[in-house]
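Chain naming follows the written order as A, B, C, D and E, and within any one chain the residues start at number 1.
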Amino acid sequence: MTESLSLRTARGAHRAGPVPGDDDTRQPSDAGSALLEQDQREANRFRRTVLVGRIAVAVVVLGAWQLASGRLVSEFFVSSPSEIVGRLVQLVGTGQLWPHLTQTLIEVGAGLLIGVPLGVALGVALGMSALLSGWLLPYVMALYSLPRVALAPLFIVWFGIGLLSKITMVVTMVLFVIFYNVYQGVRNIDQDLFDVARSFRANRWQTVRWIMLPSLVPWLVTALRLSIGIALIGAVIAELIAASSGLGYYIKLSSNLLDVTGVFAGLAVITAVAIVLDQALGYVERRVMRHHPEKQH
Amino acid sequence: SAEPGPPTIRVGLVCGGVGLAALAIDSGGLPDGLQAQKICFDSGSDAVQALVGGSIDAFVGAGEHVVDNRAKGLDVKGYAVVSEAPPYSLVSAAGSGVHGVGDLAGKSVAVTAPGSLSDTELQKATAEAGVPYSGLRVVGAGTGATMQAAIGKGGAAAGMVSDPLLTTMLQSGAFTLTWKPDFRYIALAVIAKPSWVNDNKPAMQAFLQALRATQDKANADLPSVLGAAKQQAPTLDPTTLRTVVAATIAQAPPKLTIDDGPYRDTTQVLTQVGQVQPDKVPSFTDAFDFSLLGPQ
Amino acid sequence: MTPKVAVRDLRVAYRTRTGRHLALDGADLSIGHGEFVALVGPSGCGKSTLLKVVAGLVERSGGDALIDGKPIDGPSAGVGMLFQNDALLPWRTVHENIRLPLQVAGGNRAEQDVRIRDLITTVGLDGFADYLPRQLSGGMRKRVALARTLAADPDLFLMDEPFGPLDALTRRRIGAEFLSLWETLGTSVLFVTHDVDEAITLADRVVVMSPAPGRVLTEFPVPLHRPRDVRELRFTPSFRDLHDAISDALVAPSEIA
Amino acid sequence: MTESLSLRTARGAHRAGPVPGDDDTRQPSDAGSALLEQDQREANRFRRTVLVGRIAVAVVVLGAWQLASGRLVSEFFVSSPSEIVGRLVQLVGTGQLWPHLTQTLIEVGAGLLIGVPLGVALGVALGMSALLSGWLLPYVMALYSLPRVALAPLFIVWFGIGLLSKITMVVTMVLFVIFYNVYQGVRNIDQDLFDVARSFRANRWQTVRWIMLPSLVPWLVTALRLSIGIALIGAVIAELIAASSGLGYYIKLSSNLLDVTGVFAGLAVITAVAIVLDQALGYVERRVMRHHPEKQH
Amino acid sequence: MTPKVAVRDLRVAYRTRTGRHLALDGADLSIGHGEFVALVGPSGCGKSTLLKVVAGLVERSGGDALIDGKPIDGPSAGVGMLFQNDALLPWRTVHENIRLPLQVAGGNRAEQDVRIRDLITTVGLDGFADYLPRQLSGGMRKRVALARTLAADPDLFLMDEPFGPLDALTRRRIGAEFLSLWETLGTSVLFVTHDVDEAITLADRVVVMSPAPGRVLTEFPVPLHRPRDVRELRFTPSFRDLHDAISDALVAPSEIA
């Protein structure tokens, strides 16, 4: 029972099942092709199970929605998957989707490109200096908790109705999530590793690159994952307040027209973008983590 | 103006629903090669801030924004009036027992947002009916589905609704009309900063002329603007759309110009509900300038 | 009678990024009830792996491993493991770290406290009850881990270099302490060490493993009577002979290689 | 130079300065009162420096704002600190503030009470099961990235305009932040410690309590810190869309009346709430961390 | 001539939650240029602390510590520390862990690789270049740490139980390897060990520390000529005598206490 409590990423051997021994081949780094084949089989089986389950979840949820719509709940409030798909097909077919999509993607991309490094820098600085964090931390918290929606009009006044105000909005959303994770990550780095770097007289930049950043990887992964979602939210919020294109604009327009199908179609696109970005991040994570201690898939 | 190339104008709108300005822009054929960009805002006050800050050039919104802001010393002016009918009516759920404003005393009433035009209208309605406004629980319930849900699910005894939802809701039979504004009010005006207008006369002029042209076209041949209207409200069925467009056109004063009668009505409402100090109310000529609309 | 522990033809192949790493390849071992077995072998030959298999923490890739005749399938009751790295909970003080197995067992906290204080004294850490692991020296941490294992009161001890980073004196003192404890309790012990002297001093039998991938090369019964006087022992001739024999066994395979 | 790279929370002795030796007292756990007094002095000095700096930051920012307002920037856009303070005094004096404040606090409190345990449970479950996370993770990401602002109208339609829709909004904001941090935290727990617990045959619940939760503390702290801010934002967003009281309602009202001072007064109250909650969290953190390995202040 | 390392009346008091913990109280030590000094003492007496002070990682609370006559103030150039816990970077492979000091020094990667492969062979880890630390046994990790310190090519080695978790054979082999390296390079070494045999075999002088809070009790010059034959040494009578003397010195203070 407690066995299952060990991490799914438990060290290899936890999962190694008994296989018929073939004692004759005594190569130090090879345990026989039977074992390796079995590993391969297990890995494939696992991948299949994941895929099937994933599809099942989608089918069940969308199916329930489709069935409930118009029966249990008025279609006016929840639309239905088939209608939404129809709308999406139409949006793609007529080419209406692209300007909205690219607009939002540009805002998200630019916002992440600015917000992430800024957040990392701030997190490292405050994480390393007790004085700086003593001075600034309460204010960071204060700024973070400001509802950006309420500030949006000011953003428009300061940064115009164009891209700049939207990117700023995304940056202010992303910044804090990255900051807090990096800050906590910095404070959790193994002091012994710093000592090693110091004893080899690594300079500041080397210590950051070789000790700090690798130690921060798990924290950064979480932070980036949270950032993708929140960047999308930021862009959409900015577009809700004032815009002439973008997915948020499309959603707002649909919402004002009581076009729930349009709202859900817009949300579906955002969702798809989020999943794609997240999978991309997952891919990068696996590549980086390959060398990281704690986790390997 | 010093700027070369075609005149451009960035117009702020509260999108959703059919409006004359949006019809003019969407039906194309703007005069003098005018480039007009629609920017949708969430609320009128956001747009006014953007206007004053210079992020947009013109804004089509409630006349109170002109009055309010001039009273505050901000330099904004109305250059045309697109609607002089207050848009919001009070609606209650059928069978809720609410028949008039008098039945609302002490109850929850939904407005689109606190401090917005619908709130102002509610204050006017209660004042007319002699119900103390302060005794109501005023709920901001947004527009559209949230408003409908607030009224329909009993979150509010009545709510302020505008077209096209108003028509739809009343047609459904599940809702009854509780109160309908019977006064004149500058519900939609084209607002801009005189300083900008001075520098960009051709653009403003072209835009206003486009509005006039659209108005004339619609009055002469309603179906000719339905295509543009369909763009703004693609989900409305054709008959409803036609009704809504006809109402929109009907709300616009002749030649998009008013005399000081409706202006006085408007300022009276605003002073009555305490939104503007009586001694701060700007004069009609100070607040509106119809000279750019062309020959009267 | 079935032995306490029986390991037959044990294979363990760790998963690595590129495939599998064979750590044990046909290891055989048996420990009788109440027997004290020392395990010596070259670094990386699979001693820790063997202990972890018996502890039920690492799965076999082949062969059998039984405790009391029952195949091992996860950690068994009554087995106490002392890890090679001390594996203390970094957020718990010395006192609270030692409490862990007692907490699992449940029972009165005050009684636990008495027991813990006793154990702290046994391992010579009086005055350090409220220190956190990172505030201790390497040897002190190991002693905390030892106390924690003792607290579990197992009837099979699996000890992975328990006295590694201890100075000779402390090592001998705690070794003697542990020995007399074992002599009164009659538990079984599997004990990994690098110190052949220590192996002979403590164990009934010394098992020598081959270089990686490990299997058991040979074993030596220790023909010394008990109770043993740890301090005097190493100057007896039979001790010297045994020491040389085990050292030779350890050297042999790598001399060939 | 590299020295300053060692964490501010470096082990004690890194900071221990030389003091005159008093060799006669050889007590193992006492290093002489001179040293202890010096530590005390240093700690006090540090606390003072932090406080002074913190106040200085506030004074500079507010001062600049006050000076710029009406001079560099129109007061219409940025109001001014003195006006805002005046408004706050008035709001407190007339008692107008309390209903709004308590309303928002109730929403935030209830949302956190529901969202935090839910997020922790989800994070633990998915962090421990490769299958579950394989099935659900992409969808969690998808849900997280849905702009809640755009969903707010639907929440109101589904859950009414009362407390329920606001609490739901707060929960949906908080849930994901907690989830992602806990999830990553679970995946970063030292496998050796699980092995220890297993070897002592700790049951599932004991392992969670004694190994998992303490290991998660740094991750939970970050998650909670992020949650406070985001819960406030969620409550305000929900109130912006539809409400009859609450700080968001007050801000919306002020905004519609173009009363920027009112908007900022509302934001100031939110900020104050955030700082108070954050400080409370910091206090709890210090108490818990006292026993935690990495960090001590 | 100034000694390589001079420590006088050194006091270190660690900060703890409740106040200060005195780890060293008046320790004196000096290491000549090219001298090999072994440090032995009871667990927790402050050996690691002393090394860390010389490494510039822990600040003094009192007394002096100088390298080449200059007060220590942070890590000095040319000082190589091997930590008691191996302190490897967990995300780097064996090869990349060893690269660390070479990276700090900069220079050609290909040359670094050659050097690293050499060092991996020296510590007997051929075939494990691409393993991560957690895939290695305790002894193997220690050997990686040793290789990493060797890579830095310091002229003062500070080694905190470098051969702790190694079996006798590997230990002797690597010890001899290190000794011959030292004999050719003429660097200074401060070497913590529990193994009095090892101390005598390797060092020019064995320094014995008192129980906590540590100070230096006494020291023994090792009158054995070099180069030494590590395998034969321990059977000579002078070796035996020295061993007994040092063991007695270690026992003495605690016998009194």
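FYI, contacts are C-beta pairs under 8 Å (C-beta built on N, C-alpha and C of every residue); 3 or more make two chains touch, one makes a residue touch a chain.
Chains and their UniProt names: C, E = ABC transporter ATP-binding protein.
Bear in mind the structure is a predicted one, so any value in this text is a computation, not a measurement.
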item	value
Set of chains adjacent to subunit A and to subunit D	B, C, E
Two chains sharing the most contacts, counting C-beta pairs only	A-D
Centre-to-centre distance between subunit D and subunit C (centres being mean Cα positions), rounded to whole Å	46
Whole-Å gap separating subunit B and subunit C, where each centre is the average of the chain's CA atoms	84
Length of the line joining the C-alpha centres of subunit A and subunit B, rounded to whole Å	41
Subunit E: positions in contact with at least two other chains	14, 16-17, 21, 57, 74-75, 85
Residue list for subunit A, restricted to those that touch at least two other chains	2-3, 11, 28-29, 77, 153-154, 157, 195, 197-198, 201-203, 240, 252, 255, 260, 294
Overlap residues in subunit B, where contacts from two or more other chains coincide	45-46, 49, 52-53, 144-145, 149
Full enumeration of touching chain pairs	A-B, A-C, A-D, A-E, B-D, C-D, C-E, D-E
Sites on subunit C touched by subunit E in the complex	14, 16-18, 21, 40-44, 47-48, 84-85, 130-131, 135-140, 143, 161, 164-171, 194-196, 247, 250-251, 254
Residue numbers on subunit A that touch subunit D, as the complex places them	1-11, 46, 49-50, 53-54, 56-58, 77, 127-131, 133-136, 138-139, 141-151, 153-154, 157, 176-177, 180-181, 183-184, 186-191, 194-195, 197-198, 201-204, 207-208, 218-219, 221-222, 225-226, 228-230, 232-233, 236-237, 240, 248, 251-252, 255, 260, 263, 266-267, 270-275, 278-279, 294-295, 297
Subunit A residues touching subunit C - in the complex, by the definition given at the top	2-3, 11-21, 23, 26-32, 35-36, 39, 290, 296
Interfacial residue positions of subunit B with respect to subunit A in the complex	10, 12, 15-17, 37-42, 45-47, 49-50, 52-53, 55-56, 143-145, 149, 165, 168, 232-236
Complex contact set, residues of subunit D against subunit C	11, 28-29, 192-193, 195-203, 206, 210-211, 214, 217, 291-294
